[in-house]
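Each of the two complexes below includes subunit A, the first together with subunit B, the second together with subunit C.
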Partner chain A sequence: MPAVAPRSGDAIFASAERVNAELFTLTYGAIVRQLITDLEEVDEVNKQLDQMGYNIGVRLIDEFLAKSNVSRCVDFKETAEVIAKVGFKMFLGVTATVTNWDAEGTTCSLVLEDNPLVDFVELPDTCQGLHYCNVLNGVVRGALEMVSMKTEVTWIRDMLRGDDAYELQVKLLKQIPEEYPYKDDE
Partner chain B sequence: MGREVSESCVDSLLIEMVSTYADRFYASKPELAARRIESIGYQVGHQLSERYTMDRPRFGDHLEAIKFICKDFWSEIFKKQIDNLKTNHRGTFVLQDNRFRWLSHISVDPSPDSSGPSGASQDASEASVENKAAQAASMHLYFPCGIIRGALTNLGISCAVSADISNLPACSFVIRIKV
Partner chain C sequence: MIGVGKIKQYSNVLDKPVSKGKQEVSLSAFAFLFSELVQYNQTQVDNIAELERRLEDAGYAVGARVLELLCHRDKGNRRETRLLGILSFVHSTVWKVLFGKVADSLEKGTEHEDEYMISEKELLVNRFISIPKDMGTFNCGAFVAGIVRGVLDGAGFPAVVTAHFVPVEGLLRPRTTILIKFAEEVLKREARLG
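Here is the complex of A and B:
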């Protein structure tokens, strides 16, 4: 009988090495600002943030699996809950809510009301079209791809654009069957 | 106690930021990558020192400001103080952290690149791997150097900051104040 996935990441976050969120938030902000200076095009900045997030997600999944003791999620629904309640909590210290499921159970939304990435952030008018938190988008996509789920992640709501929450829509495109046994390095 | 995030958030963001600039944007121009990474650190240091000194009186001299960096500022970021401070009393300060956190998390993988040369040129390839490793590690040091420079600049002290890792895992930051 596999271990039941934890329903919350509170304990993992509490026991993790933690740092002052200000450093994280300001560093992320400085990176975004530098990207805007270097790339000029907002679309290109969005793309790079997503790419950075993807690479981070690909790496963080290992830590997530190791620390969370989550074994295999039975379906995409459970996966989404685990990301929202355990994944977000153990890294960012906040939880997301899963909502807006479609009838097929392949599309849902992760809603964040509290988001440490945006503390002290205000977007100037020149940044219309910027998805400031696009790194999160990439992290979710990258991490899920490592557990064989190909997804498309898009922003539905963004508080920096005047919405009342952050809403990330996650759409499951396909589940790639895992191959066993893994090939040894040849 | 303010808000916190897991240390892996900061670590992975820094690793990714360095790799974006050093391996993707400016793979063939390390000086440019270094300048961008330093500049990101500078912005962060400038803002952090603004926040951490809000309720303090102005520092009387350079040494006081440097001590603030060694104690309060370093503790906010790394939960420890700088272990050793030296100065030549002519504007150069050396701050040593005996176990610099941001380096202990970066393991520079010395395994030879599979596409690299092998056999007879083994020595050369090992040397180049070591060289690459040193370059990769130094890329990660532009960010903290930038942080220190930004923090001091915000305190009205313009300076140049470099890092020395000949004594790993210790790391020394050399601050040269401009007169």
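Here is the complex of A and C:
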């Protein structure tokens, strides 16, 4: 019988080493502020945050697979559920809700009610174009790319911009077929 | 903004109750983020001193906020005004909140009156970090040094704070010592207060 993928990351989070979320939040804030000072343009900051997230995602997927015992997801729907319930919980201690599926089952939204990145944060007028949590896009995109899924991730709703929740839209662009034999010695 | 389709409700951060600080994230999440902070800053500098300075600046921003938050939440809007008081606040309260434990030791420098040291066998930020040989004495603890400087400066104790590796016999990895050198005015004031 194939192993059933865990439907919750609670146990993994509970047994993992943890740190105070405020240290995490404030450190992230320090990063964003540094980027704004260095890059000046909010678009550039958004891009850089996404890139940092991508870098994290491509590494994070290894830890995710190693610790979560998740087996291969049968479809993108299952993938989205696993990200929302296991992935987010395991690393950030919060869960997301998957909703707003399109008819093809390739686009959905991850809705976060609780978001540890944004405590203490308020966007000043000069930064209204900033996607403060853009690092999360990158993480999801990077992690999925490592398991052969090309995605496009965009913010639909952002509480820092006056919306009522954090909504991240994930769109599956294509499944990259696994290549074999792997070229190890290139 | 009014007039762009729908009226948005911006919530003021001050209207929300301040968190109790019990929420946690995984250590990996922090480590990944910290690693990105270091890597990004590496692309912005030419030398190690500059890199340490930038990490310290990032830490300073954290420290300034931590002071405000903790004084408000844990100390009823009061803060320490004496040298030993603020040092033990950093060593115990700040450390406990940020790193989940009190720092391993707080000592007074033996050679200079104005120097104090906070040491930690395994600093949280250095947990997954190994320094390449060509980077010499670089210590990511510069970020924590920045936090300490931010707290001290905000409380009215300007100081130069640096992070150093100190090898310890019997341990595989060196411990990190945060060296605090207070500004002259701080010591003068302290002497006046008696």
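Here is the rule we go by: the second predicted complex is superposed on the first by the 178 of 186 C-alpha atoms of A that agree within 3 Å, B and C clash if a C-alpha of one lies under 4 Å from a C-alpha of the other, contacts with A are read in each partner's own complex, and residues count from 1 in each chain.
To be clear about the criterion, a contact is a pair of C-beta atoms (placed from the backbone, for glycine too) under 8 Å apart; a residue touches a chain by one contact, two chains touch by 3 or more.
The structure displayed is predicted, hence computed values, not measured ones.
> Answer with clash or fit: subunit B and subunit C placed together on subunit A by superposition.
On the superposed model, which is not a single observed complex, subunit B and subunit C clash.
> Let me test your reading of the model: by the given contact rule, A:M159 touches which partner, first (subunit B), second (subunit C), both or neither?
After superposing on A, A:M159 lies in contact with subunit C but is clear of subunit B.
> Applying the document's definition of touch, where does A:L26 land relative to subunit B and subunit C: first, second, both, or neither?
It touches subunit B and subunit C both.
> Contact-wise, after the overlay, does A:V121 reach subunit B, subunit C, both or neither (first, second, both, neither)?
second
> Classify the contacts of A:N137 with the two partner chains as first (subunit B alone), second (subunit C alone), both, or neither.
It touches nothing on subunit B or subunit C.
> List the residues of subunit A that touch subunit B in one complex and subunit C in the other.
The overlap between the subunit B and subunit C interfaces on subunit A comprises residues 13, 16-24, 26-31, 33-34, 38, 48, 52, 55-56, 59-60, 63, 90-93, 116, 119, 135.
> Quick check on the complex: what are the subunit A residues that touch subunit B?
13, 16-24, 26-31, 33-34, 38, 48, 51-52, 55-56, 59-60, 63, 90-93, 116, 119, 135
> Help me check something: in the complex, which residues belonging to subunit C touch subunit A?
Against subunit A, subunit C makes touches at 8-13, 19, 21, 23-30, 32-37, 39-41, 44, 54, 57-59, 61-62, 65-66, 69, 97-100, 124.
> Residues of subunit B touching subunit A in their complex?
Per the stated touch rule, the residues are 2-10, 12-17, 19-20, 25, 36, 39-41, 43-44, 47-48, 51, 76-77, 79.
> Sort out for me which residues of subunit A touch subunit C in the complex.
13, 16-24, 26-31, 33-35, 38, 48, 52, 55-56, 59-60, 63, 90-93, 116, 119-122, 135, 159, 161-164
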